[in-house]
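A single structure is presented below for examination.
To keep things simple, chains are lettered A, B and C as they appear, and every chain counts its residues starting from 1.
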């Protein structure tokens, strides 16, 4: 792909910068508490599609302005839930609806780069589910209030959170959080394991995330990262098949440039300089090995 | 269904009261340490079947009398394990046996309401597995001794605990507990995440559980709860299919009464008053979406 | 099988002793930091095959000499990754490679006895994955440095660790560890739940593991252990099928000698003396109930 200019993408709900292999996306609708509205959805889908395909991007960090009253205060309920359902989609039948939180979750989840979220403010509903759970690594402000209000508002957890949260934290914690409609802080025992790091002040969250992001952008292999993510999320359900699968990964990566450079750097006691890129198509004959599910509704109309 | 009178159900091993949407089941065979015997199994199956179908029940709390010497001391081994196997069932062949702990686990697990267990005493074997793991939320007394003695008694974990415990806590903790035949207290690192709350005294356990139960009975949607539990336990094994599934849930719930009331209450900054009920059959065209497995043995005899 | 003499097996990278039902395997290439080389792989495969089949072995403990500079410092990178790929296997085509870490993981994972690893030194790469994750129970020295360096060396996690780590600790911790290429100590929150016990000094690790091992060798049922491990790892993906499965386990074990002895010992308030052995074939008509996957590459050459 051509190298996109992130300042020229027409984003209206966030801004994106590229810094030393790190794509930094900052939510900018602080006044509206970064509610999860159509323009934000559109920006996130567009941005994560670019991040996935742009070889220059090795790590993504999503954050909000640290003085925003909220990292993301969830869906905009000023129109009730009706705002969720578009008349156009409804015309296609009752199976056509796709939850917008989930559409965003898919885009983040499918990004083959390392994704980090820096939660430097309060978060509610989809601000916890769609904007946190699909990321690889989560940083949070210790003072953030995190709300899972679904059952207290008459709906169920969305954005594929009923898939992600049990896998991230186990079913016991996930059920406690979902069924009590809990509001908790990041250091709650119910969230143990969810955050890579919890920082005392809002201002420290993004710099800490960025420091890790820059380390990883400089010192990790883009192809090894993509394989690792896929092995963890798209693996098989018995150990023998996973052994055959990761053997194939070791064979393909082990004969490619980054592995040679990794071994050389280790022997020479220096940091590596990785140059393999996803667009080189080293992985293409192998990935995806999994059944790809099309999430789009098939329109009945010809 | 008609509204059952819980005082007239002929329970002999426990008593059941209904209080503000909360069904409270209290084990009453304190003198016998609430051993897991036939009458208790019968009572539990009958009670959880009613709780599942009685619209008035929004939350269930199971507990024991706090002065009982044990919450549940497990199977009654006075007859050895032989008491487990009925001659009638044995006549049907060696595949006909159904573990009674598991039969109870199924009844609790399948209850579509929020289920809470208040473990205010020691628990052994099925008192930990069948009477705790299938619940959504667990409270415990810090001083409770919890024993997983299976491999030390020549049998294996039952009551579907080999399914539930790894999902609740991860395989590492589950294997440590099962294979060491451990006796631990609720604050053991091996149990981290299992209990929603751990209370210092036996007397505090049930009131704490009841307070949460009453909050949830008053402020959560019965239909949203049923969908949430099903999404978590009956979801799909890849994220895209779960996204399609929870989108359907959002579509169905989002157009129903409770979601409208939830949004109204939020805007009006008041507590919601949910009125949708499972018997309204809003969810019936959709649930169960999963393959229902018949656990009963098919008798060969015509 | 005949009873093997562990002193006469020709091990070159470790020594094995049998002590009161506990097979103790000690890595002996301290000078080479117990790197994961061909001779070690060969020894481990041979030893765990014997441990699985030798009725005298009830528990296995793997450890290193406590004064070794490392428990296992991972793959030997002196030849780069090229050393991983044998020309013979490469001739069979690019699907023939089997990761040697994974080959060892399979042998440990398939051992039907209780397996314990006593990590009394630093561990890197396969020294963390293949030599720790497939065990049932892990002990560690608090000062051990544990490194998951894969993405920093241009390869992906191997030895089926992308299967095991998410199941052991959840996907959140697994992704943080894998994608940051972390080096952590056993008490890192990222590893919470991985270690059964963490000891302050290197010298305490093996004795603590051995004490538990001897307790378990004396007081657990060999057949109950084998069923427990299989129920946890080879169970079904819905609770009803698991209930039918563990009911069968209870039926088979409950009518065998060890269960009778377990109940008698409980009633007589004494320790049990279990005598059922895997070679008695009580479990053979039932196990394996799961689909067995052949991990060997099928040679095209006739």
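Throughout what follows, a contact is a pair of C-beta atoms (placed from the backbone, for glycine too) under 8 Å apart; a residue touches a chain by one contact, two chains touch by 3 or more.
Since the structure is predicted, the reported quantities are computational estimates derived from the model, not experimental observations.
Chain contact topology: the protein chains form a complete graph, every chain touching every other one. The best fit of Cα atoms from chain B onto chain C calls for a rotation angle of 120°, in steps of 5. For the self-contact between chain A and chain B, the two sides draw on mostly distinct residue numbers; the shared fraction is below half. Chain B has its Cα centroid 33 Å from the Cα centroid of chain A. Within chain B, the positions touching two or more other chains are listed as 164, 169-170, 192, 233, 237. Here chain A touches chain B in the complex through residues 77-78, 80-81, 84-85, 94-95, 97-99, 102-103, 105-106, 109, 150-164, 166, 169-176, 178-181, 189-190, 192, 233-234, 237, 290-295, going by the rule given at the top.
If you check the complex, the residues on chain B that touch chain A are 114, 136-138, 164, 167-170, 192-194, 196, 212, 216, 219-221, 223-225, 227-229, 231-233, 235-244, 246-267, 272, 274, 276.
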